[in-house]
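Below are two complexes that have chain A in common, paired first with chain B and then with chain C.
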Partner chain A sequence: MMMSQEELVDTLAGLSLFSNLSRPQVEQVAHKMTEESYPAGQRILRQGFSGTGFYVIIDGEVAIKIDGEERARLGKGDFFGEMSILLGEPPVADVVTTRQLRVLHLGGPELEEFLRDYPPVMYRMLKTLALRLRNASRWRS
Partner chain B sequence: MAIAETDGSRPARRCYRAEVPRSLEEKSSALASVPLFAGISSQSMARLADSAGEVEFGPGQFIVRQGQVGTGLYVILDGSVTVLRGSDELARLGNGDFFGELSVIDQQPRNASVRAAEQTTCLALASWDLLALVESDPAFALNLIRGLVGRVRAAGEHHRH
Partner chain C sequence: MAELSQRPFPPGEYPVVVVGSGPGGLQASYFLRRLGIDHAVISADPSPGGMFRLFPFFQRLLSWTKPYGPVPRDHRFYEWYDWNSLLSAEAESRALMPEFMDGSSSFPSRPEMESNLAAFADRARVTVRYGCRWEGTRRDGDRFVLSTSDGEYRARVAIFAVGVAEAYKPDTPGFELVPHYVDTRAPNTYAGKRLFIVGKENSGFELATGLLQWAQRMVLASPRPARLSVNSHSLMGVRARYVLPVEDEILGGGVFLLNASISRIERSGAGFMIHCIRSETGSEVAVEADEVIAATGFTCPLLDLPDLGVDVFGRSRLPSMTNYWESATVPGIYFAGTIGQGVSGMKKYGLPANSGAVHGARYNTRTMVYQVARTHFGVELPRPEIDPAALVDALLREATEAPELWNQKSYLARAFTLDPAEGIRDEGIVPLAHFVDEEGTAAVAITVETDDTGDIHPAVYMRQAGRPAVETLLASHPLHDFRGGENRARLAELLRAPTAGAVR
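Let's turn to the complex of A and B:
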């Protein structure tokens, strides 16, 4: 069931990715991105295949799988798909829903402009990527 | 290495650099060729040329030490460096590559050491100047994000082997 625009804006304002935006900016974001819903067990991004988008989870959970092996899970407020878009390369992992999922979706070609329009989102993304890089390095050592 | 030592062109150029600091225009044109600064505004470029300093490192000299909290980001203008964790060599970086950004972004200690592999000239950008650039110039922030994304992916792929 889709939320009202008002509820959606409230939900988005509570996600860390959008937490530094003004209310009118969050409303714009809700307008620019498309709300989508997926059942459990659906593959949203496919390892090695192009044709992607940027997704922000508003409810539910996904598993990140490389060569069929689960590596991580993402939940509310997490995002995925930006790596492939920004690198211009196919995804290196499958992203599969573990249960009913609700996301906001932005088409790949729109991501750069979106980030330029909302520097606080870019800054949040930068912080998250830094954390991912730390974790990846910790793993390896 | 005997050939490198008797090749007069590179050492001569380095001497020139060390003795005569580059003008702002020369610095700007050197910076414009660095991918991290591609497409940034002319104001950002001017600010960068003004605030960033050039630093020289001798072969084997540590530029960044693992465990220390970082105070800045480095861009290699001429030379090459080795990225080390403990005694493991993680990567080798050359002209136009940058390092040290992670510690500036998350204010945590450096996760690796970086050592000059040869005589190396770096551009050093202080934390506050870097963060000011991130906030004022979306093109720069996007370049930085792209750099991080590439590293996250490389780290992940490395892990798979």
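Let's turn to the complex of A and C:
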């Protein structure tokens, strides 16, 4: 799947993570993040590895695995990698592509400034993390 | 020698066809021949050199060759100080770049680079059918059929080394009115002009630096702020050679760096009106200029390969590839040279490898050709057995002076398998992302990485049989000699159990 820059900006504007940004801001995001492509079956995040990045899925799907056991799947518009960057710790899970994956990537060291530059993205991310926390609490109770 | 007067590689059936005569095509052909794999090399160009026959526009490269590095030119680690020579096992075709440099800079000029590549083709006897343009591709059973200006080539394996060199301009209204970087005119024709450059990557800053003494005013615009390599701890961002316009901007000297997207470009009198939207505020601003140049990047000229099923992505239309630079969607199609940058690898701390430049691509290409040889032609590459007592030394020596590990940090690694049935075997250079995910036999790999503080240190990846690899970071050293006692002890401890099983 090949997208023009215009189509990429349209796609990003449609993702909930970026939905509160202005069009010029989304264009800037499209230039700040790098588009990457991974074949099926590859790990993007690796349990216990340092120096990982932040990823937003624009096409495809990944499985989240802890010690080889699948826990969840993420698809278009979902993001991953923020937890270990925010905590400064290696990921506690593997993230593995289930099919061809297209992502936007931001280097770990750039995430803090990125979130400060775009408070609406920070708010959206916080909301997602709150949802994950609530769901995790439900499983425990 | 009647064949010398004839063009080599007439159309027909070959085990492998290589397309391109830039650094990638020359390097691929060199290693294919070394492994005894018959192949044809075709190129639309009239002579070797690829993009270096034309670019960079201002005639000096961004990649260093230090004629007097800390190690002699026949030492393998010299390749870390010489980013522009192609790889060769023979003295007469190795480390050729310094021979052609006139001493005025550690960055070779474009003509010097072109001479270096032509000398490599000559002395390494890499033969190319020049003036043969690849025009299209189709499948016929298990063969790829490449139609060219000279006729059809058929092969089981096709290697495309066609660069990322096709001018790209966005489809925003008005871009059709203005030239791309590749159509920049002679510098003196910009004398006294108000110049607007779209793009704040290296090509934009190359033009800005070269035209600084000609243009009366320069505006560089793109949505993201300019990023500098000295801040990114890598080659990512504007290189130090091109930072002068940034300083002029800071000092208010007639250079302006605008974070804005272009909404449209219109003619205005003899010049142009560029309508911009500021990225931070969303406010509109119109800038008048006499000249506009779109330094908006390049794409891969892959012709009809997407119709064959080759998936491409991103602004540069790079192919989606495996970690061995094979099309992820059409097996048997491989990529050499700068296209290899489409394989991200680990990108630790967000730092990309140097696959888009000769000094990274040359190792990728060799690793790819070895893989082609193993998987398509049953070539068994040497896997020397290592004495267990020598493994720690071997690993730390690699981290300290393996040019592959220094040029391709966190991307290529030196691997040793620790199989009880075979002993310890040197597996050579492997893509790190492949090694850490392959659940094969027990193995260890070492690489060099730069972290977010700029610290350069070795990283070790240990794999138990059938399990993914585990990472251990070793200590850095003020002079980058990683062979000290602390690292030796750490590594010996890590290797004790796994190598015990591999001692026969």
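Please note the rule applied: the second predicted complex is superposed on the first by the 139 of 141 C-alpha atoms of A that agree within 3 Å, B and C clash if a C-alpha of one lies under 4 Å from a C-alpha of the other, contacts with A are read in each partner's own complex, and residues count from 1 in each chain.
The rule is simple: contacts are C-beta pairs under 8 Å (C-beta built on N, C-alpha and C of every residue); 3 or more make two chains touch, one makes a residue touch a chain.
What you see is a predicted model; the values in this text were computed from it and never measured.
Chain B and chain C, once both complexes are superposed via chain A, fit side by side. Applying the stated contact rule after C-alpha superposition, one finds that A:Q28 touches chain C and leaves chain B untouched. Residue contacts after overlaying the shared chain place A:L115 against chain B, while chain C stays out of touching range. In the superposition on chain A, A:V92 makes contact with chain B only, while chain C stays out of contact range.
For chain A, the partner with contacts to more residues, out of chain B and chain C, is C.
In the superposed model, A:S37 lies in contact with chain C only, and not with chain B. When the two complexes are laid on top of each other via chain A, the two nearest Cα atoms from chain B and chain C are 15 angstrom apart.
Touched by chain B in one complex and by chain C in the other is not one residue of chain A. Listing the residues of chain A that touch chain C in their complex gives 1-6, 22-25, 27-28, 30-32, 34-40, 42-43, 46-53, 90, 94, 100, 102, 105-110. Partner chain B is touched in their complex by these residues of chain A: 66, 82-83, 86-87, 89, 92, 112, 115-116, 119, 122-123, 125-127, 129-134, 136-141. Per the touch definition, chain C reaches chain A in the complex via residues 170-171, 222-224, 259-261, 277-279, 282, 306, 311-315, 317-318, 320-323, 328-329, 342, 344, 346-352, 410, 433, 436-437, 449, 451-452, 468, 470-471, 473.
Interface residues of chain B, counted against chain A in their complex, comprise 85-86, 102, 105-106, 108, 111-112, 134-135, 138-139, 141-142, 144-146, 148-153, 155-160.
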